[in-house]
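Look for chain A in each of the two complexes below; its partner is chain B in the first and chain C in the second.
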Partner chain A sequence: MFRAALRLSVSGARSLTRTRPQYTASIAARSYSHGKQETDEEFDARWVTYFNKPDIDAWELRKGMNTLIGYDLVPEPKILEAALRACRRLNDLASAIRILEAVKDKSGPHKEIYPYVLQELQPTLSELGIPTPEELGIDKA
Partner chain B sequence: MVSQCQQPKKAMQHLTARRVAGLLSRRGVAAFSSSGVKMASHGHGGVTEQTDMSVPLYWDRLDTPLPDRPYKDTLSDADKSLKQKEKGPWNSLSKEEKLALYRLTFNETYAEMKKPTGEWKTVLGGIFFFIGFTGLVVLWQRYYVYPPHPRTLDDEWQAMQVKRMLDMRVNPVEGFSAKWDYEKGQWK
Partner chain C sequence: MSLPKPAMRGLLAKRLRFHLPIAFGLSLIAAAAFKFGVTEPRKKAYADFYKHYDSMKEFSAMKEAGIFESVRPTGK
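Presenting the complex of A and B:
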C-alpha cells in the first residue's frame, strides 16, 4: 500500500518509472529476473510473523528492525504493530519510541506517511501506553 | 645526522595527524558518534585508549535504529527501579519516566542526529583562510623571488618597439601594419 502511495505521490520523478520494488524470500535483497516474486502481502505477512514470535528475544527484535529499516520502503502499520508488541513483551519502551522515530525518518520527503502510520497505530499506542516522539518533545532537537 | 633529519619530519606528522584528529573530533565523523570511541592519538607513556571492538558497541545511526547495546549499561539504583517499573503497564509511567527510559537506552534522538552541524562554515572558513595564506605567499614571492622586471616590458620600450615594427612594415597585407594608417599616422 505504501509502495503505491510512494509511487503516486512522487510525480514525474524518475523513480516512478522503475519497476516494482523487489522483495525476495531471503533477507539479503537480491533481485532475480526469474523465479517467483514475493508479493507485498507475502512480504508483510512474513514480517508480521517474525515480530509476532511469542518468545522473541532482544537480539531478534534489533536485527529485525535494523533489517526492516534497511529496506527501501516504509513498513506497513501492521508490521510496526507487531514490532511494538514485541517491544512490550521484551519490556522495552525506549525501542518502541525509537521505532516510531525511525518510521518518520524513513518517510523522508513524504510527509503524509508518518501521520497516517500514527493514525493507524493509535489504538495500539494507547493500549500499550507508548508515547509518540512528539508527545515527549524529542521530535525537535 | 640521520636522527636530526628524522625528528622534524616526525613532529610534522604528529602535527598534521593531531590537527586532523582535532578537527574530526570537534565536528564529529558523519553520522557516527559514540560515547565509547576515543580517537587513537599519541600517548605520552605509550598507552592509547582505543575502543574495544570485540564487544557490542553503541552508535547513533539513522539507518540502525536499535544499536547492539543500550547507551547506559551501568545503571544507578534509581535507573534500576525505573527499569523494574518498565516491566509493568507503560500507561502507569509518567511522561518524564518514559523520557528517562528513552535516554537510558539511547544517546541522541533522531532529531538530534539530524541536526545541522554548521560544519560547512568551518570548511568554507578553512578554504578562505588557506586561499588567503596562499595569497600572502604569492605576494612574498613577487618581492623576494622574482628576478628584476625586464625593461622590454616598459611602456616606453613597447612604444619604441611598435614604432619599429611599423617602420619595418611587419605583416603589411592582413596583419599588424595593415591596421596602421600610414597617411594619418594612427590606427585604423
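Presenting the complex of A and C:
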C-alpha cells in the first residue's frame, strides 16, 4: 500500500493511467521494473490455490488473510470463497465471520462493494452456515 | 435485483492520484503565503528601519538618559 504511494509520487501521478491495468494487482507489493507483471487473473488464481490447499493449517490461513488484506484491493469473491472453505476445514467460524468484517473494512468509503461481495458469496454462506455480522448484530459498535 | 460488480482494485492508488497533487499544491501555497505574508514584510520592516538609522544620535539619547555605566551623561 505504501509502495503504491511511493510509486505514484516518484513517477508522477500523471503517468499512472498508462500503467494502471497491470499495476494494481501487485505481486506481493513489489514493484520491479524487470520481470513479467502478474495479471489480475493470475493473482486471483494464485490466492484461490493458496486457500484451496486441503491440509491448510491455521497459521497459513491467518498469514494468507493478513497478507491479502495488506494489498490495495478488496479480494475477489472467488478468493474469499476459498478462504471461507478453508475456515470450514479448520472448524474456524470466528475467522470466517472476521473475513466478512475485513471485506467491509477494506471497502472504506466505497459502500457498494460489501453488498456486492455478500451477494456473490450468498450460496457459499448458506452452504457452510456462516452468518454475516449484520445477522448477528455485531456490525454496529 | 442483482448488483453490478464495482471496482475493487487500486482504490487507494486512485484516491492518492487525486489527493496527493492537491496536498502538495496546498502545501506549496501555504509556504508561499507565509513567505510573502510574513517573512518578506518582516525583512522589509527591518531594512526600512535601518536604512536611515543614525546610531550616534541614538547613542547620545541613551547616554543622556543615563542608562550606561561606562559613559555618564554630559555634565555629570
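One rule holds for everything that comes next: the second predicted complex is superposed on the first by the 114 of 141 C-alpha atoms of A that agree within 3 Å, B and C clash if a C-alpha of one lies under 4 Å from a C-alpha of the other, contacts with A are read in each partner's own complex, and residues count from 1 in each chain.
Criterion: contacts are C-beta pairs under 8 Å (C-beta built on N, C-alpha and C of every residue); 3 or more make two chains touch, one makes a residue touch a chain.
Worth saying up front: this structure is predicted, and the values here are computed from it rather than measured.
Legend: residue contacts after superposition of the two complexes on their common chain; A:40 is shown touching chain C, with no touch to chain B. Legend: residue contacts after superposition of the two complexes on their common chain; A:110 is shown touching chain C, with no touch to chain B. When the two structures are aligned on the shared chain, A:73 is found in touch with chain C, with no touch to chain B. Using the contact criterion defined above for the overlaid structures, shared-chain residue A:123 touches neither chain B nor chain C, since it reaches no partner. Once both structures are placed on chain A, no chain A residue is touched by chain B and, in the other complex, by chain C. Residues 2-13, 16-17, 20-21 of chain C are the ones touching chain A in the complex.
Within the complex formed with chain C, the residues of chain A that make contact are 1, 4-5, 8-9, 13, 16, 20, 23-25, 40, 72-76, 107-108, 110, 112-113, 115-116, 119.
By the touch rule above, chain B contacts chain A in their complex via residues 62-68, 70, 86-87, 89-93, 95, 98-99, 101-102, 104-106, 109-112, 114-115. Put simply, chain A touches chain B in their complex at residues 61-62, 65-66, 69-70, 88, 91-95, 97-99, 101-102, 104-105, 128-131, 133, 135-141.
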